[in-house]
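Just dropping this structure here.
Order of writing sets the labels: A, B and C. Residues in every chain begin at 1.
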Amino acid sequence: MSSRYTSNSWLNILKFPLGNRTAKPRNTGLTMIIDKGLGLGETRDLLNLAGEYIDYIKLGFGTSAFYAGEILEEKIDLVRSYNIEIYPGGTFLEVAVLQDKLEKYLDTVKILGFTAVEISDGTVAIDSNTRCRAISMAAEKGLNVLSEVGKKDPKYRTPLSELIKQVINDLEYGSQKVIVEGRESGVAVGLYDSQGKIIKTEMEELVSAVPDPSILIWEAPMKEQQQDLILRFGPNVNLGNINAHEVLALEALRVGLRADTLKSVCD
Amino acid sequence: MSSRYTSNSWLNILKFPLGNRTAKPRNTGLTMIIDKGLGLGETRDLLNLAGEYIDYIKLGFGTSAFYAGEILEEKIDLVRSYNIEIYPGGTFLEVAVLQDKLEKYLDTVKILGFTAVEISDGTVAIDSNTRCRAISMAAEKGLNVLSEVGKKDPKYRTPLSELIKQVINDLEYGSQKVIVEGRESGVAVGLYDSQGKIIKTEMEELVSAVPDPSILIWEAPMKEQQQDLILRFGPNVNLGNINAHEVLALEALRVGLRADTLKSVCD
Amino acid sequence: MSSRYTSNSWLNILKFPLGNRTAKPRNTGLTMIIDKGLGLGETRDLLNLAGEYIDYIKLGFGTSAFYAGEILEEKIDLVRSYNIEIYPGGTFLEVAVLQDKLEKYLDTVKILGFTAVEISDGTVAIDSNTRCRAISMAAEKGLNVLSEVGKKDPKYRTPLSELIKQVINDLEYGSQKVIVEGRESGVAVGLYDSQGKIIKTEMEELVSAVPDPSILIWEAPMKEQQQDLILRFGPNVNLGNINAHEVLALEALRVGLRADTLKSVCD
């Protein structure tokens, strides 16, 4: 083994085509994984390989309600040991508000060991007061607050002006980052059209209205979306709803070690 | 660890938006996984996490012919230890009939330790007599019989009236459940159109013709299909050809802890 | 366990519908996996189950630059212990040429323990001289050379006549096999149209121009592509960019133990 380069050093020969990728802990260039039910072994394997490239793990939807025995707690501890934030899907919060259990919900999130929480209203209508209360309450309890803007159902699209107002407001009340809804599919939701293409005019309007684009995390499950956002904002754009099996492929895309972004430096 | 809630109890705070989900062992609300070649480690990891939410594992197509060494036998034992039924893909039965090896095939299924068998004619034309003989022979040998209706190739669609006759007949001869063909893709097959949307008139006609909808297992690999079937039949509809990595996501969908079914209780 | 058949022997009852599948080590009937970042555990699990059906593993794109610690070296050793060739994605070579580091790159590939290398120009324009030099240099260093033809971007399609010339040339300079570009998606690239359907006239023209079709490896990530190629060239066509979780499903497809190829022997 001693005569070999190490995997990290062999790239010292080559320069990454797109440079200045941030390292952990970082405030920009974040990657958020959507986990739809990885077992403990699979999680360990993933973190071992690629923990350096993961900043947040979301246990998607209500999946964390179904973990057998102590597996949820073990998984939370494991993820935290890699300095990765972990939180349950936003659906829970919406159900909690619907059932008037907001504070109990936040306490449980905290007790279970989650480090962050998502405050969203993608499905359940939540009035502005409750939203602000949820954000500030979660922040006070020491949770890293990620709020989310955008509706999941294309029939109820939030007007852009209102969405912008919500972003500003959320940050004021204590959100660390604001997630732009993209769902698991990335199609016909938020700022994506029915083909999954980003609606550029709306994206630019949103970006120009916020203090700093790095406060946004773009849910971008499709490779084309990731590519477009990297080409627009650079290797250190914050991306979410990344498939667990795509972490290294995304990293390659970020730094230009994949055709779709490499070509941008060749033309 | 002692100060924490357990993953199961923390949801005691919240009520599942869609209630009355059945628990194992159950006769309705079944989830059947299509396994395209999970290794032993991956299988163990999955069962550990989500064994409570899996009722059947199908080793898809002819994949079980290619397991190295003793892995097939070990996997069968492992799956059975979680009280989950396991069976080889229906293609084998069709090949066996084609090669006039029906009984030898069923004996081998039994000897290998499989607990169930699929009797289908999705690809090979099997006359009604042979089908009945296969079902009753398998049942007599102590195998849990799942028969399947519907052709895999859209060029040879079974007329609905004949399909209904087949369901009734299969049950008479010993089928425990009848699977409605959806393939791995869910597109342009059985009761799904070329977009994967369920053809509702045909579905309703089929359902009204059978003694009890719970004798049907719907192959529904796409989330939209699962959602439509849950919204139509409730959380305890029998669903099949579920991707192994989607078990907990499906469970969330069943009980309303995912946007697509949660919204049904919000409107 | 002693009273049971083994998984290999139980199929002795049945004949594979499509016969004469080659066994390892083989020169035709090759399966090349695209690995987008499997952890060590997952890799071990896969090889344990299906190592007999894998001939090449490509660590896709630049993913191998991001393996933590010694994991890359451990994985290379593991893969080699199953008599499987392993190589980094072609993007690296293109970046190396762009940065005038060709020989250093090839040396590093060799030192890290990779057994093969891909010489491609899917993204970066590489003149014919440099391409020949890269192929012969890699071959001299004892690497198994896979060259690739076809552009990744549909805007820059290589004319078929030039592509044919390249194949002939590559073989002369030392390529073992020539890969026909299909990307990870299989859509609107190389010989695939915007639906992912193979353009048959072009395929036939290419095949008729090469000394032996078995020198080609077809990147065919979609099942329909695999099926069409198996139906055209038989079970032992060389296929690439196969998803790691589809190895056994592909094997079933090759031998007619899956509906899509089984039906060819039924009609």
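Here is the rule we go by: contacts are C-beta pairs under 8 Å (C-beta built on N, C-alpha and C of every residue); 3 or more make two chains touch, one makes a residue touch a chain.
No experiment lies behind these values; they were computed from the predicted model shown.
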| item | value |
| --- | --- |
| Magnitude of the superposing rotation for subunit A and subunit B (Cα, nearest 5°) | 120 |
| Copies subunit C and subunit B - interface residue numbers shared by over half, same or different | different |
| Separation of mean Cα positions, subunit C and subunit B [Å, integer] | 33 |
| Numbers and ranges of subunit A residues touching at least 2 other chains | 41-42 |
| List of subunit A residues in touch with subunit C within their complex | 1, 3-8, 10-11, 13-15, 17, 41-42, 44-46, 48-53, 245-249, 251-253, 255-259, 262-263, 266 |
| Residues of subunit A touching subunit B in the complex | 36-42, 60-73, 91-92, 94-96, 98-99, 101, 104-105, 108, 111-113, 122-125, 152-153, 183 |
